[in-house]
Amino acid sequence: MSQNMKNALVVGVGPGLGAAAGRRLAADGYRVALAARRVERLTELAAELGGLAVAMDATDPASIEAGIVRVEEDLGEIHTVVWNVGGGGFGDLEKVGIENLEFAFDTNTRGLFVLAKRLVPAMAARGDGALIITGATASLRGKPFTTALAPGKAAQRSLAQSLARQYGKHGVHVALIIVDGIVDAPKTRERMPDTPQEAFVCPEGYADAISFLLNQRRGAWSFELDIRPHVEDW
Amino acid sequence: MSQNMKNALVVGVGPGLGAAAGRRLAADGYRVALAARRVERLTELAAELGGLAVAMDATDPASIEAGIVRVEEDLGEIHTVVWNVGGGGFGDLEKVGIENLEFAFDTNTRGLFVLAKRLVPAMAARGDGALIITGATASLRGKPFTTALAPGKAAQRSLAQSLARQYGKHGVHVALIIVDGIVDAPKTRERMPDTPQEAFVCPEGYADAISFLLNQRRGAWSFELDIRPHVEDW
Amino acid sequence: MSQNMKNALVVGVGPGLGAAAGRRLAADGYRVALAARRVERLTELAAELGGLAVAMDATDPASIEAGIVRVEEDLGEIHTVVWNVGGGGFGDLEKVGIENLEFAFDTNTRGLFVLAKRLVPAMAARGDGALIITGATASLRGKPFTTALAPGKAAQRSLAQSLARQYGKHGVHVALIIVDGIVDAPKTRERMPDTPQEAFVCPEGYADAISFLLNQRRGAWSFELDIRPHVEDW
Amino acid sequence: MSQNMKNALVVGVGPGLGAAAGRRLAADGYRVALAARRVERLTELAAELGGLAVAMDATDPASIEAGIVRVEEDLGEIHTVVWNVGGGGFGDLEKVGIENLEFAFDTNTRGLFVLAKRLVPAMAARGDGALIITGATASLRGKPFTTALAPGKAAQRSLAQSLARQYGKHGVHVALIIVDGIVDAPKTRERMPDTPQEAFVCPEGYADAISFLLNQRRGAWSFELDIRPHVEDW
């Protein structure tokens, strides 16, 4: 590998958005590290991309630290991070529990905070770096079925704003991609067999947005953009 | 006390907003319970209002439960709650720690979730109840100096939206008061001795807003309103 | 009439919100002037309130000026204005025409600008005055069926923000009430005979909001609040 | 010229954003028509791009129609439009006049409506087309110095939302680029000689955003994105 390649870490890699992000970053010339809770699921993609697979549990600050250390030891300093973590069950107040609320916050926001505190000041000191975050419609509003999830997504967006406003001037590009719709992935296809492909968010389109953000000139950085299938009702 | 008086619980009672809320609710005819982490600070006001003082640590679900039980045993079912909890230190990413982020989330959002889960479905079953929440400008956006605080406030607003949308139709009025400015209280006055009174948010005006919200006709309920000193720059 | 009574002008008085505003202002002790395009429709209510009825076409700056002059000559300086004008047909791009777009802008925004330019600086010079504006959900977003209407409502909200930010510090309270839902009025009832009363926005609740805003302490002024029937889906 | 080239019309071409848009579209393979009120200013750029220069006064529906007809006659059907019109003077209520408010609305919103009504249904019938609109921070909020301008920008954003929501499913991509900052152009440089280049919005970055939007996959269309210099305070 070239000494001049930048290292990118994608946190939250499943078969949908995370995999598309990893593939695009590799295609764009980054050395890629893929992180997920269950590292064994990353092996194949990491091999495909000539990248590194690391275990990282976004709910556990020690695990985040360990994963970062692993990447730094193997690849060197991390230039770009894609934070694509963040689940949380759907359901109204009577269906969800405190553990759902905490899980959404811990994965979307607290883990991001831990990672940012660890990596972003160093990016700022180098005057160069990027942190791209996957948001959702729930980042913008709470509905009964997102009672547990939306608070974590709203908190994440708020944190992203604070970081973007602080570190932009130091050369660190923090941006949020609001994914509006259901992502095209094996699981969602299985669950919605009658939904046509055009109604799903296209992971490659999400990866295009990441690539666009990472290549923006410093005189025209975006903080937030939304993506949705063209047929989506919104 | 009359059997027909409604019970109101104010969580988060210091010398500023919480005290004003308690006084107004008492003046409006509610039987009032005041809750704060340090119950000894509530004794005087509780005596003044003929109300109940209970210990409640908003970061601790068991303490919230114990406080609610205490109010129910002493006063009966709780009709109205004012959730005025929610601190969090100021400072940018490099100054604040994970404990600040967690504290802001736990007090603003998680504690509110615990209380709502415990009380709101019962209000809905009775078809009558209210939950008024104190927000802030940080509920609407993140800035570097609110890196730890604003995520918790944004999460709180999102949760409030989910609750309002679900329970409005069942007769539970959930509303958020966005307090934009520095509240007039002994501590803030001491810290800003040269600032004129008119530049502080007036606690009685906040209490007016609560009273207004609680008296709205069902055909015209508000979810969100902002309050600020008329001289505030915004 | 007492010399000390304040004069309030309600622009846009039909049988729904405007009439409720007029009645409440009269009940709150204001001398009331009612304005509408067709002054003959105001005679009865003006008589009921002991107020003045003036013709005012919000699309015509000269008519706005003439109406204001008439009120000033008959009642004296105007302390409070409720701007409840602003229609505009529903329909998507292919159904509506430029005249619909212009009508919505002229009534919601341009007329308000003309009135504000005429009255608000004088209020500011006196250090006392109020301008309450009726917004709608369309103030917040555009949908296909509001292609012609929503731009005017969005423009109105923007203008209201500029005015509130400039004149608040000079003692003029500019505020926007976002009316979310269909107002209870003879016409809407006729059009929706099977809709229960509770599903309509209650005009008296809107009037309550005006009264609340006009009585806010200067240390806690609101700029924006929403009102909707408690059963509304939003 | 190839029969297969798509035609793009850029309305509002000065030396800053409009010129950058035109150059990028030409580089991306579009046949480009440039429109501005003073067509003589377009001659040089049109020659450079091998494109067409047409006169168009965005405040005049007949002029918009005439310009469109000219483009259609010379180049054929219009596939993509960039609407970069929209001025309006700065100043507070006491400084600006109704003509400023109208100019901002007419250029930002009414002209766009006229053009959209003329071109977008035909794009939808073909199932293919794009309309990219230049917004500003004033699209999002009104401040005293934008009393006349911001209503027009807010109205424009609302109209863009209505159009995007209606026509996305028919293959027409409507999107808004929120330009946050002062654009790098000869006039602004002259006015702010001590401001470093990095503090200006980079027109080429704006053109990058247009190119990105026009190349998005249908499964991941953006409606809105913001661009600003990385050093901007926001």
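Letters are used for the chains, namely A, B, C and D, taken in the order the chains are written, and counting of residues starts over at 1 for each.
We take it that a residue touches a chain if its C-beta (ideal position, glycine included) is under 8 Å from a C-beta of that chain, and two chains touch if they have at least 3 such contacts.
Predicted model only: the values in this text are computed from it and were never measured.
Novice: Please state, in steps, how far chain C lies from chain A along the shortest route of touching chains.
Specialist: So the least number of steps between the two chains is 2.
Novice: Assuming a repeat means more than half of the contact pairs shared by residue number, which candidate in B-C, A-B or C-D repeats A-D?
Specialist: Selected from B-C, A-B or C-D as the counterpart of A-D: B-C.
Novice: Could you grab the centroid distance between chain C and chain D? Build each centroid from C-alpha atoms only and quote it in angstrom.
Specialist: A distance of 33 Å separates the two centres.
Novice: Counting only Cα atoms for the centres, state how far chain B is from chain D in Å.
Specialist: 45
Novice: Name the residues of chain B that each touch 2 or more other chains.
Specialist: Only 165 qualify.
Novice: Dump the list of chain pairs that touch, please.
Specialist: Here the touching chain pairs work out to A-B, A-D, B-C, C-D.
Novice: Given the complex with chain D, which residues does chain C contribute to the contact?
Specialist: These residues of chain C touch chain D: 61, 92-94, 97-98, 101-102, 105, 109-110, 113-114, 116-117, 120-121, 138, 141-144, 146-147, 150-163, 165-166.
Novice: Enumerate the contact residues on chain C facing chain B in the complex.
Specialist: 165, 168-169, 171, 173, 184, 197-198, 200-202, 204-206, 208-209, 212, 215-234
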